[in-house]
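Encoded as C-alpha cells, here's the structure I'll be asking about.
Chain naming follows the written order as A, B and C, and within any one chain the residues start at number 1.
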Amino acid sequence: MSAFPPRVYYTCSYVPPEAIWAAGCQPVRLLPDGPAPGECDAYLPRDFCPFVRAAFWQLHRMGEPAAVVLTTCCDPMRRLADVLQHHRPELTVLLLDLPRERGPRGQERYAAELERLQSSLSAWAARSGRTGLAPGSGRTLAQATGTFDRLRHLLRAARGAMPAPAFHRLLRHLLTCHPEEALTLLETGRGVAAPGAHAATEAAAPGSTEAGGAAAGAPGVMVITSHPVDPHALEVIEKAGARVVAEDSCLGERLLDVAPGSRDAGELAHAYLERPPCPRMELPGERLAYLEDLACRGGARGIIFLALKFCDNLSYDLPWISGRSLPVLLLEADWGVSSSGQFLTRVQAFVETLLPE
Amino acid sequence: MPLVAGVDVGSLTTKAVILDGDRICGWCLRPTGAFSQQSALAALEEALAACGRAREDLSAIVATGYGRISVPFPARRVTEITCHARGAWAEFPRTRTVIDVGGQDSKVIRVDARGRVTDFAMNDKCAAGTGRFLEVMARALEIDLEEMARLSLSARGRATVSSTCTVFAESEVISLIAQGRPRDEIVRGLHEAICDRLQGLVARVGAEAEITMTGGVALNRGLLAVLQERLGQRINVPRHPQLQGAYGAALIAAEQAA
Amino acid sequence: MASLSPRTRRRALHYALSHAWVLSLARAGLGLPRRPPTEGYLTEAVRWGLGELAAAASRRRPVVWCNVALPSEFVYGLGAVPIMPEMAAGFAAAWRGAPDFIVRADGDGFPPDLCSFHRCALGLAREGWLPRPDAVVATSLFCDGAKKFLAHCSRLFGVPFHLIDVPYEDGSRAVARVAARLQEVAAALQAGGHGFDARHLPRSLELSNRARQHYLEVMRLRRHRPAPWRGSEALSYASVFFMSFGSPGGVRIYDALRRALAARVAGGRFAVPRERWRLLWLHFRPFYPGKLMPFLELEHGAVIAAEDMSHLWWEQLDPGRPWESLARKMTSHFMWGPVERRLEVMLRLARDYAVDGIVHYSHWGCRQSTGAVSILRQAAVGAGIPFLNLDGDCIDPRNGREEQARTRLEAFLESLPERRDAFAAGSGG
C-alpha cells in the first residue's frame, strides 16, 4: 500500500468513509476552520448556510486537485456541488444521491450510489497517478469496514472518558488523519492524552473549573445541531457551568452509532440509513422520540439548540422540541464564530435556571 | 459654455455641483434631514449662490441619489450608480472599478474605458459596511469619525467583530469595551469587518485596476488603508469624494445640454 | 382569526370588496360586461378558484395540502382538491396581510431565517384560513423548507403525511421508482377513506394535456414583439399555473388566455405603451402591491417577456400510463437535478423571447435558487446577456426594500444598451 494515498474530502455523516478507504483513498472529513470571508460572496450568497460557504472556501483555496464527496442532503449542499463544478472544474466532485426513504427501496438506491462512489474513486485515484493500492493488494469493503468499526468503537470509549470539548478537538484531528494513524493514536492512548484533551480531562476532576471544563454537579445538557458541532461552542457551554451529556450533531451519535460488520454496499447502505436520523432525514415528529430517549439516557436537564443560521432542516424541529418536557435554549450561530460574550451570558443564564433552588 | 447642475440627494447628506463647461464653479453639501425636497432645493440654491448665478441660467439639471424621484424642480433622473461611475471616471480616467460607500448603502461598480457602467453590486439587506454603520460604532466608542481613522492607523492588534449587522455589531463593540480591549484595536476590527463586506462586493463584479473610492467614507484614511491592503492595490481618492455623485450628475447634464 | 389585527381584517374585507377579480366575478355572475383588460381569463380563473375552494370547504371532495412541485394532476386524479399553502401565502401578500400571519408563525418559534412563503403559510394554517387537509403530500423536489413545513402541518392537523422521494438524476430507473411511490401513496390515500378515488386519473391527465396545448400556444404568442402580456401579470397567475392543470378549470382558463392574447396580437394591443426592453425574470415576483412592477414595465417600458417559473417544462402526459407520466413530470423538473437544467432553460428562454436582460429575484430564504446565482450570472454574461440579481422578498414587504430594488433596476436599465455595445465590441475584437 502506498504510504500516501490520495485524499478524498467529504462533508456529510452519511458518506461512509469506509467506502472511500476501500477504494484506496484516504477519507478526510471537511471541517473548515472558520467562517468564509466576504470574498466568498462572489460564489455563494451571504444569507446561505455558513458551513457550506466555509466548506466552499476551503476547497476553493486548496492547491491540490482533490476529490470531494458531497450528498444531496439539502439545498445548500446541492448548490455547493454545482458551484464547485462550475467555478473549480479541476476538482472532482462526486454527489451522492442520499434518499429520504429508509426502507428496502431507499437502501437499494443508496447501495447503487455507494457502488458508484467506489468505482468512481478507484478510477479517479488511478487517473491521478496516485493509486492508493498497489496491484494485488486490494482492500475489500469488509476490511475497510473493519478498520472503521474499530475506530468508532474506540472513539465511543474515548468519548466516555473525557469532557466534550476535549473529545471534539481530538475527533477533529482523527477525522482528518490517516485511518491507521488514528487507530494507533487511540489504541496506544496517546490520542486521549493529546495536549488539549489532556488539560480538559484534568479539568473535569472534582472541584476544578479550569480550562473550560465543567464543575462536578454541573447540570447536564443535550446539544442539538444539524452540523458538525463547534468545539468552541462546547467550551462556552462548559465554561458557563453546564456539562454536555448528550449530543445530537453530525459528529455526535450520528457519527458513531453505525451497525458494524458491513460486507458489501447493500449492508453498508442499510447500516448508514438506519443510524440515528439527522433532521434532514426525518420529520420532526419521528425524531422526537429518538431525541427524548437520547436526553433521558444522558440525564440531560435542558437542551441547547445550536441553530446554524439558515439551516431550514433544523429550524423546523425547534417548535416541536420546545414544546416538550425539557427547557430549551436557542442559540443562533455562524460557522466558527460562536464564542462571543453574548453567547456565554445566554448559556450562563440558562444554566442558572437549570440549577436546583 | 452651458451652465449645468447635478444634485445628489442621499440618505444622510444632499450635495449639489454647478458646472461651467468642465469647471466646478459652485458646490454645496448639507444634511438631508427629514425633508429631502427642501434640502434638494436649498443645496441647489446655495451652490448657485456660491458662484453668483441663478436657476434661470442653468440649461440642464440631473438629480440623483435616493431622493432623485421627488426633487421639486424639473430635472432628469439618473441613478447614483451611473453618476458615481461617471464622476469617478472623469477625475481618474483610468478607473475601471468604483467603490462607493454611502450613508445607507455601498456599491462596487465596474466601468469601461469610456466611463460607462458594465456591472455593479450593492450591499444587501442591512446597513453593515456603510457610512451609517461607522457613525453608530463611533457613537458606541464615544469618538468622532476623524479620531476613528487615526486610531485605526495606529492600532497594533485588531479585535474580531464577527457580526455584520449594525445592531449586533454595536453590542459586540460594547462587549469588547467591557472586556477592556483597547479602542484602537476595536476600531481596526470594525474597519476589517466593513472591508470584508466591501471585498465581497468587489469579488462579485471583479476588481480591475484602477480602483477609485467615492463617498464620504473615502476620507477615512484608516479604512482606506485596510481596504488597500486587502485588495493589494492603491485606491484613488478624489478631492471631494462626497461630491462625486453630484459631479457625475452634472457631467451627464452637460452632455445632455451639449 | 381573532388574533389578527383589526387592520388586517379590514384589509381582507377591503380586498375582497375592491379587488379586480372579485369584481369581475360579480360582473360575470350578474351578466354585466366583463372588464376589458383580462378578456375573460381572469373570470375563468376566479370561477375555478372559488369552485375549488367551495368544494374543499363543503368537504364535497377530499383536500390534499401539497407543495408546488407535486403535479396537481395527481391530486385531481384522486378526486381531491389541491391546496398549496405556499401559493395561499402569495394571496395573503396580495392583500397586504402577510406580515400579520408571519408574526403568528414567529410566535410559534420559527426563526426569521426561514422562507416567508412558509412562515406566512404557517400563520394562515394556524389561523384557520385554509380548508382543513385530509392528507398532506410533499415531494422532495428542490426547496427543503416546503417538505418540513408540510410535515409540520400534518402534525398540526393530525393527518397522514406522505413524502414522494424523487431521485436527483433523471432517467428510466428514477421514473419507475417515483411511479411506484405515487401508486403507493394513492393506495394509502384511498385506503384512508375521505373519498379519494384514483379512477379520475386518466381524465385528469387528459384535461392537463388540453390545458397544456393552450398554454403552449400562450407561450408562442408571448414571443411576439411587442409583448402581448405583462410578465408581472403572468407571475400573478403562479397559483393557477401550479394548481389548475388536471382540472376542467385549467382548460377553460388557458383557452381564454390563449384567445385573449391572440386577439391582442391581431388587434395590435400590447402589454406596455412603449416596449423599450424585454426581460427574462427568474424566480417569483413580490406578490404584495408595490411600485416595483409598474415602475419596471409601465414607467420604463421594460416588459417581462418570459419567466422561468411559468414556462411549461413537461412533456405531454399519457393517460394510458398515468403513474409513469406523472413521475416523468417530476423527475424532469427544471429546478431539480444539476444546475445545467436551469441554465439550459434560462438560455433557451432568453433566446426564444429575444430578451435584452435577465433579472433574478433573490427571495429571502430561498437557498435552492439564490445558491445558483453566481453560475446563472456567469452563463448569462458569457452569452452576452446582462444579468441583474435583485435581493428582496416575495411575501414580506418589510423585507422587500422596494426603494433599493428600484434604484438597482433603474441602474440596470440605464446600463442595458451600453452593455449590448460592450458585448458587441468585445466579441468583435
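In this section, a contact is a pair of C-beta atoms (placed from the backbone, for glycine too) under 8 Å apart; a residue touches a chain by one contact, two chains touch by 3 or more.
Given the structure is predicted, the values throughout are model-derived calculations rather than measurements.
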item	value
Of all other chains, the one whose Cα centre sits farthest from subunit B	A
Chain pair, A-C or B-C, that carries the greater number of C-beta contacts	A-C
Most central chain, Cα average position	C
Subunit A and subunit B, separation of their C-alpha mean positions in angstrom	44
Rounded Å distance between subunit A and subunit C, as computed from the means of their C-alpha atoms	37
Distance from the mean Cα position of subunit C to that of subunit B, given in whole angstrom	39
Per-residue multi-chain contacts in subunit C, two or more chains	none
Of all residues in subunit B, the ones touching two or more other chains	124-125
Subunit A residues counted as touching two or more neighbouring chains	42, 45, 47
Residues of subunit B touching subunit A in the complex	124-125, 160, 162, 164, 171-172, 175, 178-179, 195-204
Of subunit B, residues touching subunit C in the complex	66, 78-82, 105, 112, 116-120, 122, 124-125
List of subunit C residues in touch with subunit A within their complex	108-111, 113-115, 140, 142-145, 148-149, 151-152, 155, 161, 163, 165, 167-169, 177, 180-181, 338-339, 362, 364-365, 367-368, 370-375, 378
Subunit C-facing residues of subunit A, complex	42-45, 47-49, 72, 74-76, 78-83, 85-87, 95, 97, 99-101, 105-106, 109, 280, 283-285, 307, 309-310, 312-313, 315-316, 318-320, 322, 330, 332
Interface residues, subunit C side, partner subunit B - complex	381, 391, 399, 401, 403-404, 407-408, 410-411, 414-415, 418-419, 422
